[in-house]
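Let me begin by handing over the structure; questions about it come next.
Per-chain residue numbering starts at 1, and chain names A, B, C and D are given in the order in which the chains are listed.
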Amino acid sequence: MIVVMKEGAAKWQIDGVIEHIEQLGLRSHVIEGTELTVVAALGEKRDGAKQALETLEGVDKVVPILAPYKMASTEVKKEPTVVETRGLRVGGGQIGVIAGPCSVESRQQILEVAHVVKEAGAAGLRGGAFKPRTSPYSFQGMKEKGLELLAEARDATGLAVVTEIMAKEQVELVSKYADVLQVGARNMQNYPLLEAVGESTLPVLLKRGPSATMEEFLLAAEYILKTGNSRVMLCERGIRTFEDHTRFTLPLASVPYLHQHTHLPIVVDPSHGTGKVSLVTAMARAAVAAGADGLIVEIHPNPDKALSDGYQSLTPEGFRSMMAECRKIARALEMQM
Amino acid sequence: MIVVMKEGAAKWQIDGVIEHIEQLGLRSHVIEGTELTVVAALGEKRDGAKQALETLEGVDKVVPILAPYKMASTEVKKEPTVVETRGLRVGGGQIGVIAGPCSVESRQQILEVAHVVKEAGAAGLRGGAFKPRTSPYSFQGMKEKGLELLAEARDATGLAVVTEIMAKEQVELVSKYADVLQVGARNMQNYPLLEAVGESTLPVLLKRGPSATMEEFLLAAEYILKTGNSRVMLCERGIRTFEDHTRFTLPLASVPYLHQHTHLPIVVDPSHGTGKVSLVTAMARAAVAAGADGLIVEIHPNPDKALSDGYQSLTPEGFRSMMAECRKIARALEMQM
Amino acid sequence: MIVVMKEGAAKWQIDGVIEHIEQLGLRSHVIEGTELTVVAALGEKRDGAKQALETLEGVDKVVPILAPYKMASTEVKKEPTVVETRGLRVGGGQIGVIAGPCSVESRQQILEVAHVVKEAGAAGLRGGAFKPRTSPYSFQGMKEKGLELLAEARDATGLAVVTEIMAKEQVELVSKYADVLQVGARNMQNYPLLEAVGESTLPVLLKRGPSATMEEFLLAAEYILKTGNSRVMLCERGIRTFEDHTRFTLPLASVPYLHQHTHLPIVVDPSHGTGKVSLVTAMARAAVAAGADGLIVEIHPNPDKALSDGYQSLTPEGFRSMMAECRKIARALEMQM
Amino acid sequence: MIVVMKEGAAKWQIDGVIEHIEQLGLRSHVIEGTELTVVAALGEKRDGAKQALETLEGVDKVVPILAPYKMASTEVKKEPTVVETRGLRVGGGQIGVIAGPCSVESRQQILEVAHVVKEAGAAGLRGGAFKPRTSPYSFQGMKEKGLELLAEARDATGLAVVTEIMAKEQVELVSKYADVLQVGARNMQNYPLLEAVGESTLPVLLKRGPSATMEEFLLAAEYILKTGNSRVMLCERGIRTFEDHTRFTLPLASVPYLHQHTHLPIVVDPSHGTGKVSLVTAMARAAVAAGADGLIVEIHPNPDKALSDGYQSLTPEGFRSMMAECRKIARALEMQM
């Protein structure tokens, strides 16, 4: 860390900083400038050290040097992580596509969608059984019955099942049916949940919270990695901004940024990322072009009858067309899809 | 709801909307304008109806009319809710002040702070025992030992203990020691947790998520109210914006806005809301002037030695001075504090 | 417009709204619902009507129906506008690329860059002569000398010159040298300037302000169109959000959104949109995949010696590689580039 | 500046940084840590140096140390600047209040409002003659006729006239009638305009742009100060965020923050800052409590007939009540108002 002193900081204030750095088990190094003084704190970083130093008298600011995440970082592991389960492969030059309805609604619906997904060449089936809904008056999902239907759809098609888990106590149940555990955007910083999926042997799809920085996102992944599960996929699904023509703002620069800072694969969700069916295909194309390792997309046989999120769900026909367009781009970039 | 058709929408599209509205059990009413047609959908609103209608062909947009929350709304309950537990009273013309360290760190620390809080005239003691931390490498709290120390500090001072709960499975344990259960900003949309505290008999302090709209905030409160707990305090603690001179942006207009839309009392957190100790007192004054029913403030006997959040913690002396200034404003506005 | 009355609004309040609507020269139509009443205001929309109605007693909110821009809208002109000047063609299936340094710095620099731009197959040369700089202590551009150098580079290469104009009084001078007038993001709502370029016969590249909504952006274009200049290109260059790993957040969903709402061509600026050279190429690819009609990119022969924006400027080699990758995507989507 | 090298940076890369620093006329100082190396660049800061260093090979990031503004800074001038013109006094313990309509609409309107303003004890009269409007179809102001009416109202009441100027070429005309030149939020980074008002002898009210950081805001003020006009008032009027229950988010922490970093007085605009008349008074109170030196408020004799911004304008009665409440708080804090 670099401790920047205020202009005109007194000697005793600088000495206080030095003393404090050494109490933290770090080495200090003073640099006196023409206008001000900075003190470098060297050694293994210590949690809380930045904050502690920042409050000392005479200190202007403290600048950290190293990224606070480790296991997620490319500093620790250079080669990209590839997550593979059943036919779904995400990363390593393969774009894995996960599609399906927002919520499982009936046997017929999920089987019909699963066949559409399979035939269009995707490998993952999404579908919510436990649904986190903004309003307590909204449809909350079919729960275990929904999980059973997802498993039936998997048996019929061979697709990998991706479904959301909302609390620690659901891990055991959901794991009986799912191939990938999804942690939703609202739960990105639900640490007991992150630790619970960290203890699972299933891969995890971790969605970015709508106001999470890249650092917070990677630290959330770090909770899972640190607990022992190394098969984590990061999912960019849009952030909260002032824009009102889309439900969220989908910031695709996070794709190349994350590729530079982490070995974990990046999945993009153009459905939640825009909240408008008319924008989904263009953003799916853009995500592939930006370098995404996967896509997760909402589709529904009859979007206008969907119990949730119909307004952002592609029809089967729309999905096939999206797949065809994205494949052209993948091919042009020599990616598999 | 009002369904706005696109310009030039065909008759069969308008008929489709009417049919759909009636299938939803609502009555329809068509208004043909010079440039376009709108269809009103009248009756008890139905969850998902807006989304379903929005995807119909020829529809431009759907405008909801009623607030989606009920029990939190002033439409349902006009008189302000006052939350009272031990000496802490929030609402009804009384500004309740809750103060204490970010984390409980030791017996001496929490007892020392508790006496400062008590003597300055506040009635609630905050202190984290289970700490949600952005990094898995940060101090995670003293857990049950921290709760015991909080209870000891309460016995010594009579202050009401306010502490955070992070998961359903902690409710029973935390309830043995706490007077108020706090749901943190990261968990505002952790619905299993909201339902768990909804089943408790203790009052709940619900913090606004950093990217939550007022509607989402009130719907989160609605989860608690609907589950059966009517003693909910809303806490404004700042939102994520582009501003970088503060940790969060503290938008005080939410105070009068919430007073107009809900009967629940509003507490403001100027410590997290600014993230800078030098701004806390001014924002505490402003919160009182804006009409807040309560304040929750971080203080620490030695902020520069705090294991968390020291950079935003007032010293005991700073806290006494904040209390004195806020009291002057409360008095000027004929509020009790 | 739809005027939504508050629940329990009195008859005299509803009558007041009706009277007011009719004073505005609109027709009114009352719809009484089970819970509340709405009044539709039909006819040619009148500026200020929404605001006037919103303040009437008993009114909850007023919902506008029609987009406030006209000439920019696809309602008025369905076929896409193609902007063409010298060899630069933007729109109509042709992706026009504009590249060059942030600032013109010397004869050698701009000529060297112009040749790189030309050889890589782009058709427009950007370069600032009048520079709007956040700090008054920063390099403010070479002014007229810079314009002369741009014209010389054009003569040498045949590229179309795109350069920024900051004030009405510069129009005459800049028009002597430039092929396209650029209105910068800081000036998107500088209406005297918009009107001044509206009177020009040169095409205009209008950059989106970093906190402008799509509606505000299109209304800014409307100022230019209404004044008489129909050759307007819209440029998405990123918005201000909480994200701190990029300089701005580049929200590519604006590309398909704008294509659905306006006939004007859309150019994307991945240099300002990310502020990091390492992210520029990936976002240029994504922009093409999202359907952009053009790109504007910063390049510099020696980015580390640039007087401005070196940190986001591609090297000549980086630019050639970007062009090659974007062309592959353009070809895959059957676009010319 | 502190140049932080990447982990594992090679010796030749570090040497390149040192050489570059010295070419810039700065002194370098290397600090080798256990994990990485940083190089301090000492001496008078040079514009562009940060960016130049950031692009060198092996460099991770560059951290500036000094604030980039000088004349606006408390480092240069410690005692608060008080702006005084006619009876209006802003700063130095005196809260100056400026009120009036969004636009001057008629002789009767502005005279009526001016008397209300005067009698309520305010000292400044606001009113737009040249109006920047988002839509070209909106009322654009009465122009010179409006200025004449403002001057007449001043003659009748003694109030200081505050009115917006939109372009350099208006300075001479507006200065004939106005006492304070207002630079609007849309023009905060219109540098030719900032320089034009910098050459004026009239005080300037500079509004914060809705996406401006504090640093950008102070640098905009620096343009005016540097050109020669030291009588600048900063005006916080709200920022663009995701919040949709207010028109802008009014972040009052900017008041104490600015007081710590600049000697210029701070005025708050609760009308634009909320965009809702029902929230204006509470936020005016909060602004005073936060330490504002002034308020600028929209009032209108008949808000529902206003040609602009009626939805956020107080009635005369509402304004008198706001003044009374704010005065109580000012008195409690020993401020004059």
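One rule holds in what follows: contacts are C-beta pairs under 8 Å (C-beta built on N, C-alpha and C of every residue); 3 or more make two chains touch, one makes a residue touch a chain.
None of these values were measured; they are calculated from a predicted model.
Taking the definition of touch as given, a chain qualifies here only if it contacts chain C and chain D alike; those chains are A, B. Using the average of C-alpha coordinates as each chain's centre, C ends up farthest from chain B. Inter-chain spacing, taken between the CA centroids of chain A and chain D, is 38 Å.
Between chain A and chain B, the centres computed from C-alpha atoms are 26 Å apart. Centroids built from CA atoms put chain D at 31 Å from chain B.
In chain B, the residues that touch at least two other chains are 211, 215, 239-242, 244. Interface residues of chain D facing chain A in the complex, by the touch rule stated above, are 2, 4, 7, 29, 31, 33-36, 38, 40, 42-44, 60, 63, 65-66, 75, 240-242, 244. Residues of chain C that touch chain A in their complex: 211, 213-215, 239, 241-246, 249-257, 260, 273-274, 276, 278-279, 282-283, 285-291, 325, 328-329, 331-333. Chain contact summary for the complex, chain A toward chain B: residues 20, 47-48, 51-52, 54-56, 68-69, 132-139, 166-169, 186-187, 189-193, 209-211, 215-216, 219, 222-223, 226, 239-240, 277, 303-311.
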